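Structures for review follow.
In what comes next, chain A is part of two complexes: it sits with chain B in the first one and with chain C in the second one.
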Partner chain A sequence: MPEHETAGQHGSPAREVGDFLRRRREQVAQRWADTPLFRTVFTVSRDEAVEAGKAVIEALAAVASAGRVEDTEADGFTVVREQLTRTAAARSRAGAGSAQVSNEVDALRPPVVDLLVADLSQSSAEHVRECATAATVLMGTLRLVVMESALNEGRALIDRQRMELLETATPVIKLWDGIVAVPLIGTLDSARSQVVMETLLESVVDQHARFAILDITGVPTVDSLVAQHLMKTVAAARLMGAECIVSGIRPAIAQTIVHLGLDLGTVVTRASLADALAYALDQQGSGIVDPVSRGAVAR
Partner chain B sequence: MQTVGCVDARLPIHSDMDLVWVRQHVRQTAAQLGFGLVEQTKLVTAASELARNTLVHGGGGEVEATVLRNGHAPGLRLAFIDEGPGIADLERALSDGYTSGDGLGMGLGGARRLVHEFAVDSSPGNGTTVTVTSWTVRPPRHREEH
Partner chain C sequence: MLRLGDVLLVTLQGDLHDSTAEQLQQDISETIASSSTTGVVIDLSGVEMVDSFLGRVLAEIAAKAGLLAAQTVVAGMRPAVAITLVELGLTLPGLRTALTTEDALGLLAGEASPYRSRGTRRESP
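And now, the complex of A and B:
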């Protein structure tokens, strides 16, 4: 049967797609360079786009030759994964949503399949169909690989931003002469609490503060590590001659602290920031003087 | 009474950032199941302690979360699993103030007081699994009095 012979000659459709990609690397890369994905990422030079395209085509050829057109974990993808991640990241930085990026990767498929079919014009219809299917599956796998990289990249980005947020958002506010406050927001892990402690101690010195209020209204979980950090900060402030007041312990957190068995006995606590301020003013002997007349004098 | 449910989520515990995800997942799941704010906070805090033990003492591992719907009320079971050195003296590890590192030594014993059911499966060299369960409504029959 001629059909059998053809199949025997060319080996499996996947391998044939691999051979085709190697043979037509230049032409496919040239066509890809004009697709939105490559045009928008490689804006500086078209040659660069063609080179990047060739690298991807080589990877696809390796995957196809290994007969693993459906396998997103195929070894062949390893060398281009980094490049694909950067490409996807560049697109999403430019505002493309994941559906759009997915479509843009899908637009790489027709040039491959069209060229392949043209190349196989001498083969049987059955064989052409098989090869086209293999190529289509392969390109679908590429699309999955890109989307997967983009997702991982997205998660890494969120992690990084969260880190930055944790480490930067520690403003120390001067509430009154000699009284500073830090509203803590978010997770108080070791890195973050180190920053908090340093910033707080600095401002105790700069502001000649005698009272420092740590407000934990925005801290979702107080476990033994957070408590330990709070107590260390309180102890350090005490050494600098300032008394710390911890405010904003919500009822649910207070109950949890008690069950956990943590002893905050040595720490002055108040329900709210306002209560803490009132306590500090009282201790300082400032009392609540009429803020309006005080402001007027200052002006 | 409760049959084994299938695991609803499995989260890695390999970094401080993973601890954030674990706490968030537990908080969200507990809220969806109808836990009150206090019970939610207790469970999240217990999870935070146990996940940190998995990370710090167990060298990393994972947590399996299972929603239990066949008790008298919905419940959430969390199993913290590591393949670290294990705990040689469990009683000592559970006692308040004992730490082999530089912690407060309140985590394990404190976590036990924060949940309704608590079990440790550990032996030296075979890793540690700490399993805790809390119910949206406290079980009528107290299984354990701390």
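And now, the complex of A and C:
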């Protein structure tokens, strides 16, 4: 882009555009306030839309004056990044797709270029063309910044929700004095196993539990990694002085474990949560379990 | 280090350096040998950080105590410490564990406590 090479010199197209934006701030902002993007986001008052538009124009002018019309990381954008993110987010919430938001941001370009060309009517055709190109590139960069901010916002939301899901999906239940259980539901991955391990061990300390039951009835598949995580949890619980019981291994999973050649020999396993509880109660000597059907048969 | 009848209570706190660990192991061995100690309780509730070195020290203390006919119980290990040890691959097989020092003492005394049946529990190899 030629305007980029000559940036910094006096009278370069980028600088010219920056000056123009400052000069015509009010007019551009007034025109922007009528575009779909500003009209739909700032529904309360037109003045608010004009103010927001002025802030964006100020930022664009700073970027243009610095000669960084193609740079989405330009310092000038940091001031308005949050505002742009909010604007894009508001449009997304209103049901606009990312392509539509992108087009709406693009609709901000014609007013700027029209005003610019009108402003430079005395200059040579060559100069006008260069300035118009610089303005177009600048508006393209703005579009990129908006989309980038919107995407980052989306990604942050997904991350936050994933963390929330991790926390809510692993409740530790106190079944009896000294017995806690974690019913695991859904696929276990490394991150989730880590959370399970941590919450389980924390509750072992809090509840003063001597027995911890890991119920995997709701886990659809078990691979070597998941089995390894289970073993780790069991080993860590043992180090803390609690016994870990794995319950709810379904026939298909049992078969998989055997096929994979995984050794769960050091882990106490029971067919169901009830059997595991019976085992733990028996070991505690609570005297509640009927000695005939103490559930130990399932081993 | 504290002697409670037949039991030797060792409380570890903060960082354990090479020299102090060496000294500790020696002290424990000598105390067991020179008295009628039948059990050693290592209280780890004050330890927040752990490395492979501490894991090895624990295993060595247990092995030495075992040679001198005393049982070792590790008590009060924090979740973070347990997780780290497991991640390091140090599951300390053969070492007995308890939630608190009290439980460990009960375990060693073989009382008719809730630990009744756990006293005989052994890790399979």
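We adopt the following convention: the second predicted complex is superposed on the first by the 163 of 299 C-alpha atoms of A that agree within 3 Å, B and C clash if a C-alpha of one lies under 4 Å from a C-alpha of the other, contacts with A are read in each partner's own complex, and residues count from 1 in each chain.
Assume contacts are C-beta pairs under 8 Å (C-beta built on N, C-alpha and C of every residue); 3 or more make two chains touch, one makes a residue touch a chain.
Here the structure is a predicted model, which means the values were calculated and not measured.
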Next on the checklist: On the A-aligned overlay, A:Arg210 touches which partner chain: chain B = first, chain C = second, or both, or neither?
Outcome noted: second
Item to check | Which superposed partner A:Thr187 touches (first chain B, second chain C, both, neither) | outcome: first
Next on the checklist: Tell me the contact category for A:Lys232 with respect to chain B and chain C: first, second, both or neither.
Outcome noted: second
Item to check | Which of chain B and chain C A:Gly178 touches, first, second, both or neither | outcome: second
Next on the checklist: Quick check on the superposed pair: does A:Val222 touch chain B, chain C, both, or neither? Answer first, second, both or neither.
Outcome noted: first
Next on the checklist: Which partner chains sit in contact with A:Asp159 here, chain B, chain C, both or neither? Use first/second/both/neither.
Outcome noted: first
Next on the checklist: Looking at A:Leu262 after the superposition, I want to know if it touches chain B, chain C, both of them or none. Which is it: first, second, both, neither?
Outcome noted: first
Item to check | chain B versus chain C as contact partner of A:Ala242, first or second or both or neither | outcome: second
Item to check | Residue ranges of chain A in contact with chain C within the complex | outcome: 178, 197-198, 201-202, 204-205, 208-210, 232, 235-243, 265-266, 282-285
Checklist entry - Which of the residues in chain A come into contact with chain B in the complex? => result 159, 162-163, 187, 189-191, 220-225, 227-228, 251-253, 255-256, 259-262
Next on the checklist: If we count contacts the way the header does, which residues on chain B are in touch with chain A in the complex?
Outcome noted: 16-17, 19-20, 23, 27, 37-38, 40-42, 44-45, 48-49, 52, 96, 103-104, 106-107, 109-111, 113-114
Checklist entry - Inside the complex, what are the residues of chain C that reach chain A? => result 74-79, 81-83, 85-87, 91-92, 97-100, 103-104, 114-118, 121, 123-124
